[in-house]
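Just below sit the structures, each encoded as structure tokens.
After this come two complexes, each holding subunit A, first together with subunit B and then together with subunit C.
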Partner chain A sequence: MTLASSLVLLSGIAVLWRHSLAAYIRAFARQSFLIVVAMVLVAAQTGDERLYLVAALVFLIKVVLIPNVLQRVQRHVGADLEIHPYVNTPASLVITGALTLLSYGVALPVTALGSLPTRGGIPLALATVFVGLFILVSRKSALSQIIGFLILENGIALLAVLATFGVPLIVELGVFLDVLLGVLVMQVFVYRIRETFDTVDVDRLKKLRH
Partner chain B sequence: MIPWLLEGLQCLLTLLLAPGLIGFVRLLKARLQGRRGAPLVQPYRDLAKLLDKERVVSTQASWIFHAAPFVVFASTLVASLLIPLVAAPLPFDRVGDLIVVVYLLLLGSFFLALAGLDTASPFGGMGASREMTIAALAEPTIALAIFGMGAGAGSTNLGEIVARTLAHPGSTLGSGHLMAFAALFIVMLAECGRLPVDNPATHLELTMIHEAMILEYSGPYLALVEWAAQMKFFLFLALLSNLVCPWGVAVALRPGTLGLAVAALVLKLAVLAAGIAVLETRLAKLRLFRVPELLGVSFLLALLAITSSFLVR
Partner chain C sequence: MPPSFEVIGFLGIMAVSYIAAAAAALLFEDDRARRVTGLLSAAGALSGMGAAALGLAAGGSSVLELPSALPEAALEFSLDALSAAYLLLIGLVGVPAAIYSLGYGPERAVGAVDGALGRHSTGWRPARAIVPLFLLAMSLVVLANSVFTFLLFWEVMSLASYFLVIGRGDSPENLSAGRWYAGMAHAGFAAIAAALWLAAAGTEAGRFEEIRQAAGMLAPAARHAVFLLALLGFGSKAGVLPLHAWLPRAHPAAPSHVSALMSGVMLKIGMYGLLRVGLDLLGGGPPWWGGLVLALGVVSALGGILSALVENDLKRLLAYSSVENIGIIFIAVGIGLVFQSYGMAGLASMALAAALYHAINHAAFKGLLFLGSGAVLQATGTRNMEEMGGLIKRMPQTALCFLVGSTAIAALPPLNGFASEWMIFQSLLAGAAIPYPLMAAMMAIAAGTLALTGGLAAVCFVKAFGIPFLAMPRTAAAEEAREVPRTMRLGMGLLASACVLLGVLPFAAAPILSRAFFGMPGLSDTPAAFRLGLVMEAGAGASAISPTALALCLLAAGGAIPLAFRLAGSSRALRRAETWGCGRAVQSPRMEYTSTAFAEPLRRVFADLYRPAKTLDIEFHPESKYFVRSIQYQSRIRAWFEDAVYRPLFGLARPLAGTGRLIQSGSLHLYIAYIVAALLALLLLARWM
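Right after this comes the complex of A and B.
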């Protein structure tokens, strides 16, 4: 379980050191798949059938559907490299290390108090949330920002599974719908940005066109 | 008496198997790339040929140039005494632990870099500066990964780690241990001059690192340096495989277990070498300026390893 969570975090970090957007999308799909694995493991441990259903839905939406949508966007927009992020790669990696330490520090009381078998993964899930947030603020391309948002969301989903063995099904469904619609709306936005400004680099949006 | 014979056996294994390991990786790579490749014994032939040739030394060279091959060779050989290749509690465990092993290997790189600078050839200086840059970047990762591994087992003593892992595989082989393994693997690629960092098959002046440093060496000196490099690769691989997968290492001394241990060692090395061959076939060399990013990743892995093994008990 801890292993699955650390792999989730690692595929989040993979985004920070790769440059191509296709690799970002693959890393996100891999991360979602690892979350499915973690969910199935938790479900097998607790014997909760609804968690299997949630895991199946996550697989359908986050491993198959969203990466496909993103790949189509990426092909259509024709942006394939995140060239100059606000923070360069080595600095990002160091910052990620600091964020991970921070989340361990924050989660220390929780892991010390709790007696859950899954408590080893909680700081890692928290760190995934932080890494997602960091990608969101440090990358320029609109597509990588979407990926950052999705990684953040993955971290929250993992945290929910590890800390509470899954939230009620209706909440989970609401979140899925939210994420799916969010991605679709953002897809439209990316197209619009691209049409208007001829780029998906959000740094350029500061200037008015004329 | 027997334990000391074991040390001798480890030394001998390192000396004899190291060129074969390199030959195996080269052969496998050649096959994967659709070439026939040189036979497995080619590195042995190369060494024999080099040992037989005369040595040419620049008139500008100082004693460092003459001493470096011996220092490199000896320090690598001493490191082989400390690593549990075939048996776990070794008599030399009292002398030093994982930290000593790593820095013995680094001592060799340091002297090679000095020798590269010694003759004042431009290539030697370039190679030395690159090698030292990479060593300096790899250094913190090595230290952190060692402590990550040590924290899992409660000791940095290699025999202790192996014995502890064999006794309680569940508690030591956590995610921290595996991340430390990944970090050390990347560092191994950098330190041994394997592909994403340095290309062992090329002599193109713009890209080479290790080759540039030893460009001035010839004859028996070159043989010693090459042999030491092969032993270093062998030792790193053996260290990695026995730290993560120590099964097969002889804990009790019976002739049967020892034979089994040698066979297991060869098998594990073959698996790792095959992995490296596949990796090197798939990867292109990184630009020199992207090497710090790769080593940054390995540093991060080591940091995660140490936090997850220290903070989550």
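Right after this comes the complex of A and C.
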């Protein structure tokens, strides 16, 4: 379990040392797949059939559907490289390390007191949330923004599975719908940003300031 | 108790009509949009009045809670007598204003009017959609029964009127007015929010009943803080001096039927808030609360009318006169609070009823005057009285309505302004019964100032009626003015009849006035101190007057004089002759009394207050200085008072705002970084605190 969570975190961090947007999307798909694995493991451990259903849905939406949409967007937009992020790769990795340490610190009371078999993964899931946020802050391309958001969302999903063995099905379904619609809306926005500014560099949105 | 089926029905129709009116404004094309929106708004205001009438008749208060996911953010409404009174007031101006708006707009403008009217936003679709929302928000503010509901709709009301003030946003004058208004409205909102949250601190969901029960347990300092913050916030909405600065800017900038709503209704919502918080929720306080309100009222009444007197812009004049009338209302509210804190329940009821009466009356005549000024604006294309004149011959019906409004606001019998001011005077005079000399003396001073204010108001409205409507037209635009469309005249006519009816038949208002404060702490439920019948009695039989009889006498006298002449056998043949022209050969509009000239004597009397700045440029003939080529005389009155109060505030706020702007870089990443930083900080705080 902890291993699966570590791999989830690692594939999130992978985004930070790659520059190609295609690699970002692959990293996200890989991460989502690892989450499916983690879910299946938890389901096997607890014998909760509903989690299998959720895992299947995650697979369908986050491993197949969303990466597909994103690849289409990426082909449409054309640019393949995340050039000049605000924070360069070595510094990004150092910061991510610090964030991971921090999430271990924050989650310490939970892991120390809890008796969950999955408690080892909780700080890692939290760290994934932070990595997602860090990508949102430090990367410029609109597509990387979407990836950052999705990684953040993956972190939350993982945290939910590990800490509570899955939230009620109806909530899970709602979240899926949210994420899917979110990605579709963001896709439209990326097209619009490109049309308006002739680039997908979100930094240009600064010009909207009065 | 839950509201009756009929009340829910009426309120539902009200809300649906207003929302449908807003939708119609956006969906339909110009002419149809105006018709549908106007009619639906009128229907909404009318059903609001229906609900209010039922609520008044049923007595007590009925509570309606809408389902919500968050208990602290639930929408909860209640209809009690005080809300019902204000709902009636909203309808009183709302219905005529909506009817008036059917004919009002630049497309219908008569004569060469592009400049002044073109700036107006009535033709702009979103603006037309905002008017019904503004009405809806005001109705829901007075119905609100929890802190959250109240603040939510208060803000909607402020925002709606802000957008109506700036209109399309393409005129610097409107934008500047909007900035003043937005600034003061938000400062006021902050004060109100602080007051209400402070009062609701110990309660579960901020319901008004809970606050009412918990108010007794509040520490005295907290009670005072709540009252002072409420006075600050509601005072800035009501426009009492020195918080009135937005009023003379925003009212002229808005389209005229919106000015009528803002001045006639929205200012009263400020008064409603003060009554609701100070009297209902807190249950009254020490005498100095009332004394403070009274003092603010006196200053506003005098300051407002003095500013109105020297104003040449018709709508600005009306706006300043609203400051004066709000002052008069605050005087009455102040006396009421003072009486209440001394335990003189009967007199307190009388003073508060007088305040409410004057609020309703002011809504009627100020609404009427603003609609009238809009008609004049539409017909002449200007708000400057110096460019009007002679309109009575060109717009006789508008002139008649405006005359009724002017007479009412000057508090001449038998119109409604007289009836309510008479009651306020009686309350002030009854103040002599207060056992504390200082407070009793204050009442006497207030009565004196109120009398002075009344006199000045009469002068002011002689000017406001005389200069635009009488004598000869001063410009071509005034010459070409034509009567406005029938719907506009109907709107004005409704309010003019309300002015007459409320004055001649004061008992028509009695059910509202005697029930509005029913059950409030420290007031007598049976208003023995005053009676509004055919004869108005005040101060337990101390004095009485009958406006109805007075009106009949006036009517009889008015009829008797011609009758006498006829009996005496005078010839009734009509003779037309020149007016006596003091021996001048030609009469031209340049010889007329101007608005400035009319106010000049009073300007000299009060020169210390006005501090006028004069510049006189005389160009002499180069040969001899006994021959003058041209004389330029300019006299300006700067609002030194506003400068003194607001300059330092601006000076303080500007650097702060500049610093605040630093974090607003416009960069998306930075904003997300703020969120991350806040999240991390909270996590760390939760971990290591």
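Note that the second predicted complex is superposed on the first by the 207 of 210 C-alpha atoms of A that agree within 3 Å, B and C clash if a C-alpha of one lies under 4 Å from a C-alpha of the other, contacts with A are read in each partner's own complex, and residues count from 1 in each chain.
By our rule, contacts are C-beta pairs under 8 Å (C-beta built on N, C-alpha and C of every residue); 3 or more make two chains touch, one makes a residue touch a chain.
Just so you know, these numbers come straight off a predicted model, no measurement behind them.
Legend: residue contacts after superposition of the two complexes on their common chain; A:Pro109 is shown touching subunit C, with no touch to subunit B. By the document's definition of touching, of the two partners only subunit B reaches A:Thr100; subunit C does not.
In the superposition on chain A, A:Leu133 makes contact with subunit C only, while subunit B stays out of contact range. When the shared chain is aligned, subunit B comes close enough to touch A:Ser6, but subunit C does not.
Looking at the shared chain after the overlay, A:Tyr86 reaches subunit C, while subunit B stays out of its contact range. Counting contacts by the rule stated earlier, residues 108 of subunit A appear in both its interface with subunit B and its interface with subunit C. Interface residues of subunit B, counted against subunit A in their complex, comprise 174-175, 178-179, 292-293, 296-297, 299-301, 303-304, 307-308, 311-312.
Contacts from subunit A toward subunit C in the complex involve residues 86, 102, 105-106, 108-109, 130, 133-134, 136-138, 140, 145, 202-203, 205-209.
Subunit A meets subunit B in the complex at residues 2-3, 5-6, 9-10, 13, 17, 89-90, 93-94, 96-97, 100-101, 104, 108, 111, 119-120, 123-124. If you check the complex, the residues on subunit C that touch subunit A are 664-669, 672-673, 675-676, 679-680, 683-684, 686-687.
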